[in-house]
């Protein structure tokens, strides 16, 4: 009979109307600024740079290898490596910019990063008053601590830390072996009137864990802001990371 | 001038405006509208005579006006249907161009 | 009392006169609707409530719609609603005829001693009207109904397209 | 106490008019009625928009506006401020006078219909003898304003919308009137107040004598409400402003306060027509049960009006839009024949008024059959060839 | 009932004439576009009105434009204009590495990113001779069929919106869609731009909890479908608005290269899941619904029935999901340099056959990268379906084709 379909439809809307008052299934709205959904761990928004320790800039894991810059599909990453006073590259980014208006959050940079230094953030409330300058995230804005990384992605961060600790252990073993083997050479080099940096690390970089890292000498010793941890770990090639202290 | 006369004067003027419109315009719809105005003027007379005439209780004026309005509606419908039919053949609504009986 | 009548009449006549002299036919039609409203105000003023509302219903509600429809259906272009000015001879002759008729009518109205009835508004309820229409005037009502039906059918036949491609509805 | 409450609006009016000298009291009381209608229905309109949005939200599993004030109660005022502060854009090619006039007229025509609706036992702004006729005369004019809006905007979508508005008006005026005629016939008057009075009384004190509770009255109410929805251009008959087809139809070129006026007119028109429906079929201000007469009549009227409007919102939340040819077909091939049959049905009801005892049941059965059988038959032809289908599967 | 053309002549024959003003000049339109409409071959009579629907029209599903020539409200000519969302997708694909194209494919049909990913991964796997792991194939089926449900939810919702509902069916459909998007977010990290497939497998392995949640959701989904069908499938207005509207003949559909539900609604049982049997689809028991009329209603029902079939496939996939690595440990994604050659990978996307054609010259970038977008090709028959129907039907027909402008314009 004409109208039966309409009446059925009216019944469905009526059911939803009544249901919206008592059934949370039929009123799924979350009133956003006051209430928030918990983000799943995998959620990703824009990249950020992980640093270890206290000092954001010095603790950056990034070695400015430009891997992400090359792989980034929309090419929104811009890196200039740090150079020491002699113009030789230091394993630090001097400039690390991400244009958030271009970035599409594909996380390919995360996948290609050999140093676990770039990770995806979960901050989705990104706003700026200037749509050109304001949306370019600089090194200082991008640097976030490993603790923060643990907060947003506990399991993934724990995995990363274990892996890094393992790599570090292997690297230390290798470095020890290398140091023992080259003790004499080191002593000889110390006698020569050379500045501090180049010698010991030069030998240590050879067995670097990262194949694509532009294996150049000079880690941290001559850099203008030598932090205690990095100078201590100078022989390590795989970037200055302390052992997993923060889980 | 009595009220009745005033009513009649107004209605005659309305009638003449309709007449001038119907005579002077060449757009068929406007001509029809002019005729409608003339009909309205006549209706006004019925009401005026009913209201101020000699025997208002008869209500003939009102009844006549009602019938006249009904007929006017019919007239408008047929007239405008004619206009549309003519337009469909002639692609024009000017009276001068609607001068053939066969489309 | 008469002041109101003069006001209504002025409104009605101005609207009608302007409507008849405008070139934009849509404006003409809308102004004429104003004029018809004026006529219905006159009926209201005269105490013929029912006729007044019937006037609005039929003229403003129906005739005007049909007119507007006809205007829209008979134009190829938006500019078509602005009709060309009439020839001068035609306008002048129409004005002459209209003026002379007006003179004739007005002088006749003013010159004739018309019998006037009582001053108070005659009471005519809708019920009275209904009784009249259903009783003594039933024949008239029936004839009016027949005329309306025939006119409606005729209008449909005239305006219907004969292309055969379209649904009869 | 009840009597005082019932007469409260009148007492207030008399108190206020008492401050004025005798010769102008009629003017003051008329103005007061206008002000009261404007204030009450202005506020009613404001909260109707909020209620519509909230209810629609609930129908759609979302909470609706709830940020402006507690429960979003200040939302209408925020909307008003927004509408007033927005730029009023008039297209350069528009017919500027008509473009301006259309929203004013549409609200004016929407408002004058309220004059003859009895809001309560003693609350009727103008008790006209030909009130129903007046109502329709006032109502038809509003489509004219829609046409003006569509024409003046000088926009193709608006133009198509204007044509649709005209076609819709012409089609649905007839069923609307046909649905009303049986009521007039049986109550023997065109006066809305007398029609309400005629529906007074209760059987056993609980079954009211409303028109809707008779077969012809139910059918009439059904036809009336369908036609009323179409007259007020609401979903599923919102063709003139079909959002998905004509953007906003005649409203496309309107902005700011003029747009708000159209919006207001839509709600006024809806309230007025539903008010008439309540008056004619749902017993107007009459209480549903005898003992509930302690509640003042105007409260009952507003409650009934709100219920009817809620049903319209419900329909809006559910149904989809008809096409223009289906719309006219529904009017001419379904509602008009049904309305005519219903007229005969009402005549039968009138003639069989003195049947009693078992004949009463026969009367009901005949009357119901007279309306149900044509409904089924006409409905079947109307929906012929349309049915859910079964599907096969590729192997 | 079979093939009679529905005459839907409205009461307004030969309505408003063409306006002398031309509101919209498309930057992409041909010069004669704004020319007088009287040139149009006029099969009926009367005056024609040219209406430019879009690109800023509420129901063109994005920046699509239809230049419709109307006789009254009947369409006598309709010219689709697109390209407003052109983003150089194919050229971008030729200038980036194979892996870097993957996130771009999400943006083609942004309502069904996962199937785009899959088709692209399939093409590159063919080109480079890699094979996805067994578990990955199952996971691909799971996410792909979930994507189909998500896409069809969107489609029916928007279709009803085009039909003139006040958003209610759309919001009901979106309510369910959100649940799937939540799952996708949990798995891949985003709700729509997944970047999930990799050459040789998938990026992330779904956890057992995720699988359990997904299974629960799928098991409850038919209940929603039942309610949804009760809501509007039998609605008389819905039937009147869609049955017999926008008929497409199977011959024309085949000649125009139409695929997907639009093709199947015409009665052609062509489904690449069955024809190619890619991935592990041959292992599942499912049916391919086909329609008999090829009208809008059939196209709508195809989607509903396909959702039901998807549920079946998903239940089987959850049951049979094998253990193992999600991605081939030897899979090469970054720095991939396939041998010179060509490959075409296609799958049955929600909208039809989505395919990627790649030519490699041995370098890191494809030499030629070409997308076969289903909704673009399905759009080619728009005019044929719309002729003789009214404006109101045109938007419905457009809605029933299911286009996404990201894919049409690329």
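In this document, chain identifiers A, B, C, D and E correspond to the written order of the chains, with residue numbering beginning at 1 in each.
Assume a contact is a pair of C-beta atoms (placed from the backbone, for glycine too) under 8 Å apart; a residue touches a chain by one contact, two chains touch by 3 or more.
Everything quoted here is computed from the prediction, not taken from an experiment.
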item	value
Chain located farthest away, centre of chain B as origin (C-alpha)	A
Contact-richer chain pair (by C-beta pairs counted) among B-C and A-E	B-C
Chain of greatest Cα-centre distance to chain D	A
Rounded Å distance, chain A centre to chain E centre (Cα mean)	37
Rounded Å distance, chain A centre to chain B centre (Cα mean)	87
Approximate Å spacing (C-alpha centroids) for the pair chain C, chain D	29
Geometric centre distance via CA averages, chain D-chain A, whole Å	64
Multi-partner residues of chain C (each touching 2 or more other chains)	50, 54, 62, 69, 72-73, 76, 78, 161, 167, 169
Where chain A touches two or more other chains, by residue	2-3, 6, 9, 12-13, 16, 28
Residues of chain B whose C-beta touches two or more other chains	88
Residue ranges of chain A in contact with chain E within the complex	2-6, 8-9, 11-13, 15-16, 28, 40, 42-44, 71-73, 104-108, 111-112, 120
Touching residues (chain side chain E, partner chain A) in the complex	96-97, 99-104, 106-107, 168, 172, 175, 178, 182, 185-190, 193, 195, 203-204, 227, 230-239, 333-334
Chain C to chain D touching residues, read off their complex	26-27, 30, 33, 49-50, 53-54, 56-57, 60-62, 64-65, 68-69, 72, 78, 125-127, 167, 169
Contact set on chain A toward chain D in their complex	1-3, 6, 9-10, 12-14, 16-17, 19-21, 26-29, 31
List of chain B residues in touch with chain C within their complex	1-10, 12-21, 23-27, 29-30, 32-34, 36-37, 40, 43-44, 47-48, 50-57, 59, 62-63, 65-67, 69-78, 80-85, 87-88, 91, 93
